[in-house]
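Before anything else, here is the set of structures, which you'll find just below.
Across the two complexes that follow, chain A remains constant while its partner is chain B and subsequently chain C.
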Partner chain A sequence: MTRTRTPGISRRSTLALMGAGAMSVAAPWVARAQAKTIKIGMPTILSGRVAQLGTSSRNAVLLEVEKVNAAGGLAGRQIEMVIRDSKGQPQEAARVARELVNTDGCEWLIDGEASSGSFAVHEVARDLGVLCVHTCSEASSLTADPKQHIPNAFRCVRQGIHDSIVGGSYAAAISKAKGLKKWATCSPDYAYGRDTTGEFTLYLKRFAPDVEVISDSWPKLFQPDYTEVVTKILQAKPQALYSCLWGGDLTSWIDQANIYAMFGQMEVFAVNMADYTALTVVKNLPKGIHSGNRYIKTFPATPENAAWGDAYKAKYNEYPTNWSWQNATAVMFLAEAAKKVNSTDGKKIAEVLKGLTIKCPFGADGTVTMRGDDHTLVGYAIGWGTTIPQEPYVPEVKAGDWKTIFELEAEWKKSKGYT
Partner chain B sequence: MTELEAGCAERLAPARDVAGLHRYRDVLIALIAFAVLASLPLFSSSKSLLDFVIRCSAYGLFATSLNLLVGYTGLTSFGHGMFFGLGAYSFGLIMQKLGVSIPVAFVATLAITAVIAAVIGAICVRLKEIYFAFVTLAFQMLIHSTILSWASFTGGDQGLRGGIPRPAFLGINLADHAHLYVASCALLILGLLAMRQIAQSPFGYTLRMIRDNAARASFLGIDVWRAKLTVFVLAALFASMGGMVMALFVSGAYPEFAYWTISGEGIFINMLGGVSTFLGPMAGTVLLLLLNDTVTRFTDYHGIVLGVVILFFALGLRKGLLDFVAEWFAHRRDAGEGR
Partner chain C sequence: MDLDALAGCLSSSACLVTQTTSGLIIGMLLFLVAVGLTLIFGVLKIVNFSHGAFYMFGAYFAMTAYQLTGSFALAMLAGAAGTAILGLIFERVFMSRVYGADVLMQLLVCYAFVLIFDDVVRLIWGPEFRSMGMPAAFQVMPLFIAGGVVPPYYLLLIGVALVAAIVLGIGLSRSRIGKVIRAAAHNPGMVSALGINTGLIYGGVFALGGMLAGLAGALAAPVRSLTPGMGFSVLIESFIVTVIGGMGSILGALIGALLLGLIRSYGSVGFPLFTEGLMYLFMVIVLVSKPTGLFGKEAA
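Let's turn to the complex of A and B:
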């Protein structure tokens, strides 16, 4: 029996492969040793149905990083963003966050995850002790719950409880003026939808005690057909309707409800309407929908905010989202903190971030603050107004009162056992 | 003993020795594999590599347990991920709410999984093929919906928050990354060894017979329903172990762990690695995680790349990686022997 040798990989190819392998293993360490740049990792959602969350967050971060780098960087170090897709899966968000720190040498994390993903990244920050700023998760418990508290994590995001307090007081004032006593709600069937709606009705009833909720609908997240929901609302004949549907769900719901002329039959309060992602997509935007502000370049009505919105649009050919301003603000906070301590040491930055107030285009009074006791953003522009079908979409926004927000938020925290 | 019996005994003795060697060969391989994996941190300081192995342990246990159903019994479950999620949630909730030690939570989780798997399995294994697949999927969605709806207990769509406490036991501190790594490797190796024993036991061959011809197995006196239910529960236990490893890795449990996509990934892994060799799903796990981790570094369009890869395996090779390799070796050996 003869056996011929089958040609395998040549010695030269083997050596080349080994060399390439060694280079790819060693490259991160070599690069790290040589680099004067500071790498900031950012796990976010760049694919799937909420990819816009990640892309508009990434755009805003890069826009601000460009400015910081042009001004000399963070304590003399240029920023290099390493942004990766987590596909909206918490286990992947945790994996990506760990990889960014352990392999890519990122010194800080900007967590562009929503909902459960942000809690997964929070645990990574707890485990690795790396400085982390959450920029997309609106879940109040992320920072309000003391069990979640870690010294190295901050949240630069609006909060559901803040929106509910402002929305409740705004809606109550209109209820009293127009005699709207019968209310219905229609919100997505998951924690954000149920919690936000519950908190809104809580504060609505607090400010207008004679209000009654006569119908509630809970469409599924990403539900394509809202016929059943719309007819249920119409049959209940409420005088006013509250919804915290958002993004594509909100626009589909409006388009389908328009067929039934629903918006002419009741006052509608949709907290997430005043965001360009929704305003520019709805086919026939009804006049007079009440909405909380998400991101709109006319509120706060300052030249700084308008200029920021225009700069974003000029660079990316689309308007920013609510996630955009939050991410931009995070970079502004980090840059200011680094400037104050003249260092990029995460612990020093975390110390100085506590209670830090910075100038910001998105502040209610031109400034925003990273509250010291629960590491969360306060003082941002928050208000409600009514829509018109063309720009500026929400011509007048009634600003919320932060003093009232603080008082009621403290009560809410107490009721939840957080303080 | 008669002369004839004595002669038979002499002939059988070497055969027994060979069988004994084969029995211990698996244990020996397992020990070597564990030694290699456990010593990995001595040669590499890369935490990402250790993270990779921990994730391989979680998904490897899950995918190999799915192969007990798909490859060995012919039961294509579309809902096996429910036990992965169940393991993660049961373990996380027990640790958070009861504050017991990790081994107690581990055993309690397996007990809970066994009970739930027995109930679900008793309904599902009566069905065949597509009906079995879809009823398992329905149960998975039921468990997923329960997790989402029971927010006061499970945390709803935000998952179990606040981290999973990991108190030290017997000198093992799973809050320490190195300890968690070694524990994950140990669970993987023990799980694989146990599944290998099941696959090679008479019960394992009964499962193959059921897969090939359930009617014949039934005529031979085998209680097909009981055998299917037993393997369904056993597979659920190993999937649950995988879920526990994942819960420890991310220090939490999330509804995505019990979503149908996890089951889809399990099927995908089995297709990639192959279902006719025991280690096929393990090879598929390594391949999928490597692909995932590499591709997501370079592009946001990872779905296209993974799609092309599965098309290559499904249409090009028409089998999983290890199936292909095993056939190639068999072909080469036959060609070498001039057959």
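Let's turn to the complex of A and C:
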């Protein structure tokens, strides 16, 4: 018996086409998984006041991608970066991230957003199930809070809580040695400023219980004039001052505090000072500001780190930023994970990323680890030192102790109800 | 709210000197920006939403001139003269086309140029923040007066702004050109009928307004970071000043700016979490009690 077939598209073909269509709409990264190149989407901040950091993130990613592609790509597939500007707006970051996956066919995301945007991109990653590596948000809750946890998202960034533990311990040691009991704080009035300052003073008081915070100032983000803040600090006459101002706000504040000779009247601890974005811009950098390391090519003091900093400068004619090393590390992790599973499948990559340790120029001991239980970066070089007005800017950095960081971080998580 | 700290400050000569000069510094810089805004509104009846861009250009022009010549005086001159020329061109080529148009149209044109000017700065000087640095002559220890701290550079800043206020006040009230400008503000048709080129007056007023904002930017450049879009926050405070002082009033701009500076200065001591709110609260109180502002005149 011969089966006759009516002209046109069969029911089976229709179903297959509908299935493929639905698949390409609902999960385009799966539908396009076998493309020759692998597209990786990256929303980041390329315009506005933070554009310099976003640009340095893009530069670092491209620098590392070039190396991966030259070495044969990810499991034989060349990487094509699709990088879009979010203008630093969370809703735009989410829209761009979604568009990168659904329209541009990106299979993975590197999220180069600041904290507010990162939480928005995180929700897109949760919704689409696409592999996502956050590379700029330092807000600890992004990975510490179990409610935020999703199997396909990782954070390859330093954390506020780590910096606060190391900074608090460093500042307490200096407080005890110099008898600095009266402290003031001056930090930007938004979540990052308040959280980081709170955590810093928490650990400062833990290590030096007789410290007292006698004055606090909260200038708004991107405030042009700090005169009233500077004079208020001078009136309070603290022996030491903590600030987590950053970028242009930090340099404005330093310039304005300088003409009041503020830096000669107290010890200043500015966690974000030791980043080339600020170090190279301030024309009259005071000597002896204490700062956490952001990115400097002399810490960790290894040939690998110095070579990476020099290579970046040779290519882009400027020094990398804190966001640069974090983005570069993300590409290193992804490349190593793809090598291990010889695949670019997002789920397989996510599985192998958990607990993965790689060689890295920015590691405290030459390696960094993507911690398995909360998908966050640990083991990176972290420390504090004092500034001088010319290179190497922070000649000696006292490295933080990761054993102490882990212990206190576990306590902190417990106190927050995260564990 | 820390009323104890405020009371302590008010009873200490050191705090009084430091916080009062701090308020004067903030106020005088604001005055230079706001007076241009109010002058342009008074004569041209235009709310120049792009005025902050002139402050930004003044700072960038000054920084560039300082980097090229190393001369602080030339840097100030470049900031003021550059923005005066820019203001003249802007008024003649673009703004003159929307006189008499709907207010919304004028606002849209101004806002478009806020974005365009920001991008122009980004293209020429780059998106990253920049710093001019304090000239060597002012890298000196601050003065200690009655226990209070006063940086010499800020004395210069206050002096320059005061001179500008006096010259402007006398120039507009006593000189012939000042009288013509005031006449043009009151009745441009009549001034034109008398054979006076009102276009030139409008261009001149816009250039003067731009120059004052540019001078403020140039004076601020050694102590503030320069970044595309830096004019916006100054613009908002300048609007508050002009609303408090009265739109179109130069004396009002001066008083309004000084009051705002003092509110910020003492507010940061007594109301550290409500300093911004205090400014707006004061504006609301003024508007409720005198809707035209402290020195504004009722429309005829």
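By our rule, the second predicted complex is superposed on the first by the 384 of 419 C-alpha atoms of A that agree within 3 Å, B and C clash if a C-alpha of one lies under 4 Å from a C-alpha of the other, contacts with A are read in each partner's own complex, and residues count from 1 in each chain.
To be clear about the criterion, contacts are C-beta pairs under 8 Å (C-beta built on N, C-alpha and C of every residue); 3 or more make two chains touch, one makes a residue touch a chain.
As the structure is a prediction and not an experimental result, all values here were calculated from the model.
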item: Combined model on chain A where chain B meets chain C, clash or fit; value: fit
item: Touching partner for A:256 - first (chain B), second (chain C), both, neither; value: second
item: Touching partner for A:98 - first (chain B), second (chain C), both, neither; value: first
item: Touched partner set for A:284, first chain B, second chain C, both or neither; value: second
item: Chain B versus chain C as contact partner of A:47, first or second or both or neither; value: both
item: Chain B versus chain C as contact partner of A:194, first or second or both or neither; value: first
item: Partner chain(s) touched by A:342 [first = chain B, second = chain C, both, neither]; value: neither
item: First (chain B), second (chain C), both or neither touched by A:147; value: first
item: Partner chain in contact with A:120 - chain B first, chain C second, else both or neither; value: first
item: After fitting on chain A: smallest Cα gap, chain B-chain C, Å; value: 5
item: Footprint overlap on chain A, where chain B in one structure and chain C in the other make contact; value: 46-47
item: Of all residues in chain B, those that touch chain A in their complex; value: 46-48, 51, 55, 148, 151, 155-159, 161-163, 177, 246, 249-252, 254-257, 293, 296-297, 300-303, 336-338
item: Contact footprint of chain A on chain C as seen in their complex; value: 9, 12, 14-15, 18-19, 22-23, 25-26, 29, 122, 127-134, 138-139, 141-142, 149, 151, 153-154, 220, 222-225, 227-230, 233-234, 264-265, 267-269, 272-273, 275-276
item: Contact set on chain A toward chain B in their complex; value: 1, 3, 46-47, 84-85, 87, 89-91, 94-96, 98-99, 102-103, 115-116, 119-120, 123, 126-127, 139, 141, 145, 147-148, 190-192, 194
item: Complex contacts: residues of chain A adjacent to chain C; value: 46-49, 51-52, 55, 216-218, 220, 222-225, 227-232, 234-235, 247-249, 251-252, 255-256, 258-261, 277, 281-284
